[in-house]
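Each of the next two complexes has chain A plus one other chain: chain B in the first, chain C in the second.
What follows is the complex of A and B.
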């Protein structure tokens, strides 16, 4: 090839071009995935994530990991298997948390005046780190699904416990026993969460007494394994570079 | 490394490979515009957006809706029309350097798509949740809907389709058919807008307030997944750019 057929003038320019593309690609990937992931998460697990009085020991612990392991599995399927980049899960969760924190502060607090200690998002980083670490060390989709997926479900409640514990202490209010989080909910009435819809702390899981959260976390981890497998293959499909003919569309 | 610290010489008369001015000006346009929109919501949401039968609602919100719809249709027609009309009819004959320059311009469009998707799917969609958990709706065109559905969604659709059209009309990479995941990543999020029809029908039919995880909203979820098509776009682009730089990076 002659020099005129080259896209760049020198190796230095090639390196510079390559790195500039890296940044532009990462920026776009981060924000597009953030958008898709956030709309998915807010509409499948959002209410449990929005309000502390929804952050119970049963459904929040069960639902949040199951619906949030989706995009990390899909993005890992592209970033690891094509580029050996071991941060697919963490980059997804960082995007989601950025979108959520900006919203909780500027809109939940800034527009509708719910206090931030009532609307802070769930913590998902510990599970994401484990997902990426298992994939990096094991290099196996199956191992990541089984070990990482289970850990993702199991770690969710302990990861959130330091923030939630103070809000789960019992208080007596007008002769009723409730948690501080419940009390927040009573004071901040919302259109979609009247008492007859809210299902905090009901159900036969109470049969296990204090073990509600571990049982829920274990079940969540089990389903997270299955969801990881499923979304890994979704991710592979979304990462495909296929072209179709105009006639086929 | 010597290779990375060596000064890059550019031809003084040549257009830059990446027009950074355009990129930062484009990003600033979205950020400043949406900053103003958020200010407008903060002021006129509470003062004029609580009762759709009030005259001030017509003034501040319905007129906003009518104006934005006209402007969006005009912007889409002019922008998409211009990109198509000015297409390169000899796209397979461009030099590798010109191709690289066009990839950069294409990525400016994709960066804008990232910003537009963020505001539409993340910022204004979750914002809608808190507004409707606070204010009981009496119309489909609530202040948050006027912004979310009828402003931020059309804006990312206009941006996404513009990026797709740019790639299709100016880059050799996209001349061998239609890139499936590119279409998924643009048409999928576009389908969120028609899905508003289902959403409004359901809210009207059941008068359910804003329980965000209600199955009525799952249409948005399904089409939101399509954003992952960006992975395929990245892979196509990485392949094309690597091909252009391969021998120089070897």
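What follows is the complex of A and C.
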């Protein structure tokens, strides 16, 4: 076969090869993103995502969407510009959550016996679906950043509330009031995670009384817009192809 | 020749890699202790001095409790290189949640949160542990200090028997519900995560059922990008958006109906911990000099001791970094203190006859034991601020004890 000949002999064979490529690329993309995104999220979101007694109404709500919109923005940019495929955010979050669940179940529970109801990951899929859908419907990265990024931040807290609310039921313990999540953090000993490094309920949003979660979510949404812009450029740069002439090499 | 050499190096490297990975997989000893020996000697000698420690049980069944009690002295000569314990947390050094911490108190105050400690004060503490995972575990007292890291106290081996499957952790909430915190909310967590994951997969499935990368890339490069998104795609996008927002709203509303009373996470610093009052000191000690004889694994101090009390006293114990050096003629340990941290005859005093009231005596005190090496306290001589510190315990004729702290430069002797 010479270089000018086709590798396939019929349209059916071309379709088959194309689909095989599809699955290979999707499989590779899924696990490469899973690995990279998981490390990124553990390094930046870390304890906020590990433990229920870090999942508060101020900083967790603020930090988690901001640091997690990164890879979705980059992968969306790549898949949209090159293929018009609007599933970049969802594929990232599916990969991240699979990696997180494997990690929490095998490491946190399997090796160190922290109960799963104390170490489950945050829910990010609602925001990812809306992020992808806005890109699909608007076809614009700017619109996706502004509307999708804001929605990504806003949907985070209510999307997690059905799982977190039962752990925010108060309990009286030896004369002090705490939530069940606080009690989990106190009961299940972490020698390397003392109470004082827990960054919860810190900030200056005191004038909003008890309703700080929506304010934090809005702030998170605004910052997510900026982070989306930044990481979308990373995605575009990463997905670009540049041909260099032999003379330049 | 070069190629041959390169091939050989490559082959040998591969064999070495294989051998290393096999060794790593086949030999995995249990890491049961906490690296306390690796902590800088000055950290253990000059920060928190743990004493009077007691582990209530050496063997405990799953679901049964035991306590670790004792006192700790927040050393007045706290090193400059370690942040002061303005924010600290009473912890327990165990390999993960093999016990749950059912309670912890400083001076009778429950301390689930961080506390502020004062230099030069002594505090009494208690940690209540409930056995959870069977095995032999090294149980340490521990104080985490913000900016200073974990300051680990003495550890004692404790055995938990039974089965972890039997472990329960019942808690009654302020809404009157009694739950098992070990498994509470687990099914709800699995349900919501599975549901959202399925919805995410459905979104992905919609797109991957059609040709993806090569045909779409060709279409875009040939200027047909606009044809790739159909009206059905848009309708599906709208359906997923509306469905997602509706499900989030439904989840939020139904959860609020089910759990109308929730409170934010509790956080804050506990100040004003009540110190423990030790009997008034009547003995004063001045360290004339102190040397550490490297070959002999012994520390020698010249102490000028003055007894200002009304009864004679004798030196019974020198304690530093949780290692106790006793003069068995004065004091015998009956508390079951860990053997490796106890030198029962490790303290020698040149003249340890009763020191009469009003009398001053200069004595040579030698604290010698393998613990200096085993617990790597001898590494103190490599610290940037080569000082030692510890607690001296004097006993009067009736057995009453008083504690005096020492803090002085240490000169190593190599020959």
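Here is the rule we go by: the second predicted complex is superposed on the first by the 232 of 249 C-alpha atoms of A that agree within 3 Å, B and C clash if a C-alpha of one lies under 4 Å from a C-alpha of the other, contacts with A are read in each partner's own complex, and residues count from 1 in each chain.
Here, a residue touches a chain if its C-beta (ideal position, glycine included) is under 8 Å from a C-beta of that chain, and two chains touch if they have at least 3 such contacts.
Note that the structure is predicted; figures quoted are calculated from it, not measured.
If you put the two complexes together on chain A, you find that chain B and chain C bump into each other. In the superposed model, A:21 makes contact with both chain B and chain C. In the overlay built on the shared chain, the residue A:115 is in contact with chain C alone; chain B does not reach it. After overlaying the two complexes on the shared chain, residue contacts for A:56 are found with chain C alone; chain B is out of touch.
In the overlay built on the shared chain, the residue A:192 is in contact with chain B and with chain C.
Within the superposed three-chain model, A:86 lies in touch with chain C and out of touch with chain B [touch as defined at top].
Two complexes overlaid on chain A leave one chain B stretch from 73-81, 109-117 or 199-207 clashing with chain C, and it is 73-81. Residue overlap on chain A between its contacts with chain B in one complex and with chain C in the other: 15, 18, 21, 25, 82, 112, 114, 190-192, 197.
The touching residues of chain B, counted against chain A in their complex, run 3-10, 17-18, 38, 41-42, 45, 95-97, 99-100, 103-104, 107-108, 110-111, 113-115, 117-118, 120-123, 125-127, 129-136, 176-181, 183-185, 189, 192, 208-213, 217-218, 220-221, 224-232, 234-239, 241, 244-245, 247-249. Those residues of chain C whose C-beta lies close enough to touch chain A in the complex are 34, 87-89, 91-103, 110, 112-114, 132-133, 142, 144, 146, 150, 164, 169, 171-175, 177, 179, 181-186, 188-189, 192-193, 196-197, 199-201, 203-204, 207-208, 211-217, 219-220, 225, 228-229, 233-234, 237-238, 240-241, 244-245, 247-249, 251-252, 254-256, 258-259, 261-267, 269.
Note for the complex: chain A touches chain C at residues 15, 18-19, 21-22, 25-26, 53, 55-57, 82-87, 90-91, 93-94, 97, 101, 112-117, 120-121, 123, 125-126, 128-130, 132-134, 136-137, 139, 155, 158-159, 161-163, 165-184, 186-192, 194-198, 200-202, 210. Of all the residues in chain A, the ones that touch chain B in their complex are 1, 4-18, 20-21, 24-25, 27-40, 42-48, 50, 71, 74-75, 78, 82, 99-100, 102-103, 106-108, 110-112, 114, 119, 190-193, 197, 234-235, 238-246, 249.
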